[in-house]
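For reference, the structures are reproduced in the following blocks.
In the two complexes that follow, chain A is the common piece, with chain B as its partner first and chain C second.
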Partner chain A sequence: MFAFIMRRLGVLGVILMGSSFILYNLAAYSGDPLADLKTSTDPNRDFLMISLSRELQLDVPPPARYFLWLKGVLGLFVGHANFGMTREGATVGADLAQAIPVTLRLVLASTILAIVMGIGIGVVTALRQYSRFDYSMTFVSFLMFSLPIFWVAVLLKQYLAISFNNFLREPNVPLKGLFLLALASGIFWASVIGGTRKTFWTVFGTATLIAGGMVAIMDAMNWFLHPGLGPIIVGGLSVGIAYGVTQLSVGITNKAALRASLTVSAATLLVYYPANWVFDNHQGALGVFAIFSILITVGVFAGISFSKIDRGPIIRTAVLTAFLSSIIIVVDKFMQTWQPYMETDAINYRPVPTIGQRSDLLDTQDFWVSNLDLVMHLFLPTVALTLISFAGYIRYSRGTLLEVLNQDYIRTARAKGLTERTVIMRHAFRNTMIPLTTIMVVDFAGVIGGALITERVFGWSGMGTLFYRGILSFDLNLLMGVFFVTSTLSVLANLVADLLYSALDPRIRVGSGA
Partner chain B sequence: MARTSKKSTESTEVLSGENAISNREVEGLSQGQIVRRRFFRHRAAVISLVTIISIVIFVFSALDFRLFGVWRIHGWWKWTTEDLPELRVGDCPGGTVGCPTISLRPQFLGGAGIGLGTHPFGQDDIGHDFFALVMKGAQRSLSVMVVIGFLGGTIGTIVGSISGFYRGKIDSILMRLVDFMITVPAVLIGSVIGYHYGNLGAIFLAFYLGLFAWTGLSRLVRGEFLTLREREFVDAARVAGASNRRIIFKHILPNAVGIIIVSVTLLLSGAILLETALSYLGFGVVPPDVSLGLLISQYQDSFTTRPWLFWYPGFFIISIALSINFIGDGLRDAFDPRQRRRISKKERQESATARKLAQADE
Partner chain C sequence: MKLQRSAKFALAITASAALAVSLLTPAQAATRSTVILHETNAITGLNCSLSATNSTTCSAVSYLQGMGFNYYNNKKELVKNTVFGSYKIVKNTKTDFRTSWTVNPGRVWSDGTPITGEDLLLSHVLQSDAYSIAAGLGDPKSKTAKPAFNGLGYSGVYADNIVGEPTLSADKMTVTLRFKKPIANWDLYGPGPASVHALVLMAEGKKALGTVAENEAARDRFVAAFNAKDSVLLKKIGKVWSEDFTITTVDKTTNPLLLVSNGGFILDSAVAKTSVTLKKNPKYNSGPAMSGSIDTVVFKFIGDGTAAAQALANGELDVYAGQATADGVAALKKISAVNVVGVEQVAYEHWDLHYDTVVDEAPYTGLFSVKDGAKSLALRQAFLLGIPRDEIMEKLIAPINGVTTPLSSTWVSPGSALYSKVIAANGSSFLTRGTQASRNLTALNLVKKYYPNALKSPVKVRVLVPGNNPRRASEFALAKANMAKIGFDLVGDVRTDWPSLLGNSNYDAYFFAWVASSVTQRQSAEVFDTNGGNNILGYSNPAVDGIIATLDTPLSEAILGAKYIAIERLTNADAITTGVFVHPGVVAVNKDLKNVKPGPLSPQMVWNFWEWTY
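Up next is the complex of A and B:
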C-alpha cells in the first residue's frame, strides 16, 4: 500500500512537472509582458522596462526560465517555497495564501450542499422510478445542466437578493404567495412520499396545511425580522432528528438506539440556555466547539449505556443526532443575531448582498455578527454553485442506485425477509456510495477550476480573481501559481479517489500494478 | 442476439413476462433499427431533436452565413449586425427605448397579434437590431460547438481506440498524455488561449478548445475497447485472419459506437457552455464579433431596466444545451441493451393472461 502510494506520487510529480512545463511555455510565448510599457509615454519608460525585466528575469528564454521557477517551487519540500514575484512586486505565495481560503470557503459550502441534496433527491427518484416526481426531477436536473452560471447569477441577484431585501422592508407575506408556498410544499412532499392515491392526498393535505399554517404564524409574529427558534422548537427539532436518524440508520424498532438518541435530544434541551450564555459571554469558535463536543460526548455515553449488543451502530446513531442537534443550536444563535446584524449601519436592513465576500464597512467585534456577515455573503454564490452542480449528483446517484437495485444480492436480501429499510440503507445505498465517493472527490477539484466564473460574477477575490488578473496583466508567475495550486489539487484528488475506492470496495486492490 | 433469447425462452420455463415482451419486440430487427425505435419512443428526446433542428435552420437562415468563406447563404432577416436603425421610442415600459416588438398574443385576446415587428428582440444601446445580434451570436456559438464536438470526438475516439486496442507501451504513453491534460481545468486553459489568440476569430478558438476537449471521451472509449477486445467475436475474427485494422473498424468500433455518440452529445452541450462562459469572461469570442455569452456579459447590468437584452441570448443558450442533453439521454437509453422500456400495466396483464392460457392448454 505504502509502496503503491509512493509510486503514484512519483508518477504524479512527473506529470505535474510536464504539464507545468508545457503551460509555462504556452503562456510565456502567447504574449509580451512588456507590451503595455512599450507603448506607454512615461518618461522613465526604459528604466521601468529594464527593472521589470530584471525582476521577472525576462532575459532568460522561457524554457530555461521555467527551471528557475521550478527551483523556487520545489523549495516547498524544504519549507520555503518561492513562487516568484507578481508584477506589482508582491510575492505570489502571499497572494495565493490569501486567495486559497476564500475559494475553499466558496467551494466547500456548495459542494457539501450539492452532495447532500443531490444524493438525497437522487435516491428518492430511484426508489420512485418512473413516477411523476422522477420525471420532474429528471427535467430539473437537465435544466440545471444546461444553465450557464453567469446567467443564473444575474437572476439570483435580482430575484433572490434584491427582491428579498425589498420584502424585508415590509415583511408581510401576501395571501397569494402564502397560498403558492403551501401548495408547492404539499406537492413536493406528496410526490416524495408517494404511495397509493389515498396516502398521496393525505400527505398533500397535511403538508399544505402545515406549510401554510407555519408561514402564516411566522408572518403574524413578524418572524422574518426577529427570527429564532427558541428552546421549544429546538427541542422539538432535536426529537424529530432523533427519530429520523434512528429510522434511517438502524430502524425505529431498535429501542436502544431510539433511547440513546432521545437522551441526546433531552441533553440538547438542557444545554440550550447554558450554550446561549456561553455564546454571548465567551465568544469565539471555542464556545461552539465546546457545545459540539459536550453533546457528542453525551451521545457516545448514551450509546454505550443503552446498548448491550451491537454497540457500534447505536453509538453512531446517537453521535449523528448529537451533531445535527448542535448544528440546530448554532443556527438558532445565528437567527437571534439577525436582528442586531440588520440594525448595523453597514447593513441597514438589506441583508442579502449581491457582491463581495464580506462587508468592508461592517465595524464590529461581535463574533456572531461578523460570522453572520460571512454567511450572508456566501449565500448567493453558494446557491448558484449548488444549483449547477447538484444536478450531476442527482443523475449519478439515481443511475447507480438503480443499477445496484437490480443486483442479485438485493433480491436475496428481500427474499430472506429483511425490511425494506435494511435492504435500501444497508445493501443498496452503501454500494451506491462506492462509485459516488470517487465522483465527489474528482468533482471537488473540478469545481475549484470552475469557481473562476462564479468569483467573477459575485466579485470575490479568490483564486479566480488572481487568475483573471494574471491573464489581463500578463503576469506569468501569478498565472503559474494558480495553475500550480489547481492542478496539484486535481491530481491529488484523483489519487485520493483511487485510494478511497480501494478502501471502500474490497474487490479492488491497489497494490497489484494498477 | 434474438436467437439466444429464443433459446433461453425454450429452455427456462420461468421467464418473467416483462422479458418476453421486450424480446418479442426486437425479434428480427437489426441493431440500427432497434436503436432507432428505442430513440423515437423517448418522447423528450424526439421533441428536443425537432427543437434543435428548427433552431439550427432558423438561426442559420436568418442572417448571411459564410461557410469556409465560399458557400454563402442569404439571410431573410432585414437587418444585419452592422445596420444602425434609429432607436425605437414609445410604448416601452419604464421610459426605456428600443424595447422588443415581438408579440405572441393574438388580436382577439387584446394583444397586437402574432408577429415579429421591426425589432422583435429590441435594440441595444445605440440601436443595433438585437434580433440580428442574437442570431449572429447563436451562429457563432453553434459553429464553435460543432467544431469542438467534431474535433474532440475524433481525437478522443482515435486515441481511445489505439490505446485500448494495442495496450502496452502505446497505451501508457497516451494515457499519461491524458493525465497531463486533465490536470488543468478546461476553463483555465481556455482562458489563456482565448485571451491571447481570441482576436484570430471564433473558429480558431473552437479549433484550439477542441484540441483540449477529447480527454474524457478517450478514457471512455479506451475502457470500452479494453473489454470488447477480449470478447469471443474478436477472437473469432482474428482466427479467421482479419487484420488489426479490420478488427478495429469492422468489429470493435461498431460495438463501441453507442458510448461514443452519447459522450459526443454530452461534449457538445459542455462545449456551448464553455464557449459562452469564456466569452462572458472576455477570453472567448471578442467584440466586434458576437457570441451569446458575450451579449450576456455586455448587457447584464441593464437587467433591471431592459431585461430583454439579457433574456433572449440566455434563452438560446439554454434551449440549445437542454435539447442536446435530452437527445443524449435518449441516445443512451436507445443504445443501452440493459435499458428496458417501461412496461405498461395493460401489456403486463396481456402477457399474464397469455401465459395462463398457454398453461391451461398444456
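Up next is the complex of A and C:
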C-alpha cells in the first residue's frame, strides 16, 4: 500500500514536469506579448517594448525560461514557492489564493446539489424503468446535457432574474401562470409515484390542487414580498422529514426510530422561537452552529433513549432528521430577511442579481442580510451549473442501479423475503455508490479548475477567469500557476479515487500486480 | 369534475383578491445618488503609469480621483481646467521654448494639504531619462535593470526636448519648463500634480495620514532631494511609486496615504477584479464644481458583453459601455428605461498595400512593389478602387451607428470642420467618385492593362486577415467578393498573431486599425514617415518626410490642415492606403441619469463627472 502510494506520487512528479514543460513552451510560442504595442501609435512605443521585454524576460528563449520558472516552483520543497509575478504586477500565489475560494463557493453548492438530485432522480428512474417518468427524465437529462451553459445562463437571467424582479414590483401570479404551475406539479408527482391508471389520476388531481392552492394562497398573502414559513409550517415540514428519513433509512415500521425522529421534530418546534431570538440578538455563525448542535444533541439522546437494540441506525436517523430540521429553521430565517433585504437602497426591490459575487453598495452589518446577499448572488450560477451537470449523474446512477438490480444477490435478497426497502436501500443502492464515488472524486478535482464560461457569464473571478486571463494576455506565469494547481489536483484525485475504490469494494486491492 | 371546476372558481376569486391587495401596496420611489459603471477589464492597480496597470479602466478610475491642468472632452478637444490652474508659453524662440504652469492658490489634496508648484516636480522625474540617469535612478532604456521609477513615461517627446530641470517660482506656485525647440502640442507635455508628501511619508514607513504641517515638511524633504538629486530618498519613493500601488483590494486596512488625491471622488473600497467604489471628496476644489447629485460611483468589471447588457436590464448597472455589434445594439435598444448612445472610438480601420521592403524583413517583390513602377501603381489604384467601402459601411457599420459614409482621411477624424476641408482636397475623391459599379469598371481596365486575362485567371493578392474577429471576417468576405469582379483573387491568411506579422513580405495587403491615445499634430506621422515606428509598408516618399519634419513645431489649424492635405495628396497619389470606418462603440445609459456624454479618448465616459445627475 505504502509502496503503491509512493510509486504513484513519483509518477505524478514526472507527469507534472513533462506536461508543464510542454505547456510552457506551447503557450510561449503561441503568441506575441508585444502584439498590442505593435499597433500602437504612441511616440515612445520603442521604450514601451523594451520595458515590457525586460519585465517578461522575453530575451530568454522559452525552453530556458521554463527552468527559471521551475526554479521558483521547486522552492515549494524548501518552504518558499515562487510562482512569479503576473503581468498585472501581483504575485501568482496571491491571485491563486484569491481565486480558489471564489471558485469553491461557486461550484461546491451546485456540485453537491447535482450529485444529490442526480442520484435521487436516477434511482427513481431506475425503479420506474420504462415508465412515463423514466422517459421524461431521460429526455430532460439529455436535453440538459446538451445545452451550452452560456445560453442557459442568458435564459435564466432573463426569466428568473429580470422578469422575476419585474414581477416583484406587482407580485400577483396571472391566472394562466397559476394553472400552468399547478398542472406541471400534478404531472410531475403523478409520474413519479406512478401505479395504476386510477392512482395516477388521483395523485395528479391532488397534486394539482395542492400546488395551485398553495400558489394562490401565497399570492393572496403577498408571500413573495414577505416570505417565511412560521412555526407551524416549520413543524409540519420537520414531521415530514422525520417520516421520510425514517422510511428511507430503517423503515417506517421501526417504531423506535420513528419516535426518536418525531421527538426531534417536536424539539424543532420548541426551539423555533428561541432560535429566532438568538439569530436576531447574537448574530453570526456561532448562533447558527448552536442551533444545529442543540438539535443534533437532542437527536442523539432521543435515539439512545428510544432504542433498545440496534442503536446505530436509529441514532443516525434522528441525527439526520435534526440536521435537516435545523436547515429548515435557517431557511425560514433567511426568508424573513427577504423583506429587509429588498428594502435596502442597494437592492431597491430587485433582489435577484444577474452578475457578481456580492452587492457592492450593500452597506450593512447585519449577518443575515449580508449572507442573503451572498446566497442571492449564488442563486443563478448554482441553478445553471446544477441544471447542466446533474444530467450526467442521473444517467450514471440509473445505469448502475439497473445493472445491480439484475444481479443474483438481489434476487437472493428478495427470495429471502426482505422488504423492498431493504433490498433497494441496503443491497442495491450501496453497491451502486461504488462506481459513482470514483466519478464524484474526479468531478470535485475538476471543479477547482473552475467553470470558465460560467464565471465569465456571471461575472465571477475564480480559477477559470485566471486561466482565461493567462491565455488572453500571454501571461505565462499566471497560466502555469493555474495549470500547476489544476493538474496536481487532478492527478491526486485519480489517486484518491483508486484508494477509495479499494476501500469501498473489498474485491479490489491496490498495489497488486506491480 | 364538479369539484375541480368549483376549485378553479375559488382559485380565480382568490387570485383576483390577491391582485386587489397588491395594487394597494405603494410603489417604491428612491432618490438615487449612485452611478454604477460597467468596464470590460478590471483595474490592476491604482497607479496607471506602470506597464502592469496601464489601461483605459485605470485611467478612468484615476481621472475621478485626480484633476490636472487639462482634460479631453467628448469632442476630442483638450479643455483647460482653469479652476485648478493656468499655463502659457513664456518664451518662444527657435532654440529656447519655455512654458509655465501655475497652480491657483487654495487648491487642496483630500487630506487638506494645500497644492503647490512643488507637487508638479515629480512629473519631471517620471518623464526625463536624463534626470533618472543623473540622479542615479537607473537608465530607463536598459535592457536588464529597472529604473527606480519603473514607469511608462520615459523616452517620449518630453524626454527628447527638455533642457535642464523645471524651475520653481519664488511663491512656489509656478513651474517653468524649458525645451530645446518649440514643440507641437506643448500643452500635452506639461506637469501633473502628484501628492508627493504622501509618497515621502510612505517611503519613510508611515501608515497614517499626517497633519498639514507634517505633510508640508515631508514635501520639503522631497523638494530638497529633487534639487540635490539625492538618490537615497528618491529610490525609496520610486519603490513605493512602482510597487505599492499595484493593489486591487482596498478596505479599511489599506494605507490611507495611498488614496490621497485631488479629484472629485476618493477611493472608498475595491474588491479585487470585481469592483471599485468611489465616494465624493468633500474637499474637492481642483476642478469644475460638482453640480450634480452623485455621491458614489462604482465601477463594475464584467468581461462578457451579454452579461453586462442583462445586468443593465436588471438595474444592476447604470451605464453600459462595450464593443458594438449589430445584434448587441439591437438587444440594448429593446431594454426599456435605457438610452442607447453611439460613440466613436479612437481606432480607425484601413486597408494598406505593401509598397517596399520593410526594415529587418525579407525583400518584398510582390504584386504592389514600387520597383515595378507604373504597373504596380495601376494595380494599387485598382485594388483600392475595388474595396467595397460603401457596402462595408452599409452592412457592417450602419446597423450599429447609422454611419454610411466611409472614412476618407487617415490623418483627421470625421466630425470636425477640418475633416471636410481635408477630404475635399486630399485626393480621396478618386476613391469616392461614382458608384462601386463604375469604380469596378475603372479598376478592371487598370488591371486588364497588365493582365488582359484577369477575369478568367485572376491575379492572386495575399492578404493578412486578423483572426478571432467576426467583423473583420465579414469585411474580408465582402472585399473578396467584389475583388473577384475586377480580376483580383484575395488569398486570406487568417492569423491571430497578426500584429507581429505586419510588414512581413509574404503579404501584399493588410487591413486593421491604428489606435491613437491622444490627438497631436503628428497624428499618423509614424505610419508614413520613412523611419516611422509604424511604417509597415516600407513606404518612403521624401516629399512626405519633408512635410512631416515640419509638424514638430506648434502650428495654427489652418496651416496644419494645409499640411495634412499636402501629405494626403502625395500618399493618395501613391495609392498605398485608404481608411474605411472609425470603430463604433456603444454606450447605454439609465434614462434617469442625465449628462453622461461618452467621448472617444481617455477618460472616455467619465470626463464630465461633475455634471452627472439624476
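By our rule, the second predicted complex is superposed on the first by the 475 of 514 C-alpha atoms of A that agree within 3 Å, B and C clash if a C-alpha of one lies under 4 Å from a C-alpha of the other, contacts with A are read in each partner's own complex, and residues count from 1 in each chain.
Definition applied: a residue touches a chain if its C-beta (ideal position, glycine included) is under 8 Å from a C-beta of that chain, and two chains touch if they have at least 3 such contacts.
Just so we're clear, the structure is a prediction, and the values are computed from it rather than from any experiment.
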item	value
Partner chain(s) touched by A:D360 [first = chain B, second = chain C, both, neither]	second
Touching partner for A:L237 - first (chain B), second (chain C), both, neither	neither
Touching partner for A:E55 - first (chain B), second (chain C), both, neither	second
First (chain B), second (chain C), both or neither touched by A:I291	neither
Partner chain in contact with A:A216 - chain B first, chain C second, else both or neither	second
Chain B versus chain C as contact partner of A:V245, first or second or both or neither	neither
First (chain B), second (chain C), both or neither touched by A:N172	second
First, second, both or neither for A:L26, with chain B first and chain C second	first
Which of chain B and chain C A:V154 touches, first, second, both or neither	both
Greater residue coverage of chain A in the superposed arrangement, chain B or chain C	C
Touching both chain C and chain B, counted on chain A across the two superposed complexes	30-31, 150, 154, 158, 456, 468
Interfacial residue positions of chain A with respect to chain C in the complex	30-32, 34-36, 38-48, 50-55, 59, 86-90, 98, 150, 153-154, 157-158, 161-162, 165, 169-173, 175, 178-179, 205, 209, 212-213, 216-217, 219-222, 225, 345, 348-350, 352-358, 360-361, 456-459, 461, 465, 468
Touching residues (chain side chain A, partner chain B) in the complex	11, 15-16, 18-19, 22-23, 26-27, 30-31, 130, 138-139, 142-143, 145-151, 154, 158, 446, 448-450, 452-453, 456, 467-468, 471-472, 479, 482-483, 486-487, 490-491, 494
Parts of chain C lying in touch with chain A, wherever the complex brings them together	4, 7-8, 11-12, 14-15, 17-19, 21-23, 25, 27-28, 30, 34, 36, 42, 44-45, 50-53, 140-144, 146, 150, 152-157, 159, 243, 246, 248, 271-275, 277, 296, 298, 300-304, 306-308, 310-311, 313-316, 496-500, 502, 512-517, 520, 522, 524, 526-527, 533-534
Touching residues (chain side chain B, partner chain A) in the complex	44, 176, 179-189, 191-193, 195-197, 269, 273, 276-277, 280-281, 283, 293, 296-297, 300, 303-304, 310, 314, 317-318, 321-322, 325-326, 329, 342
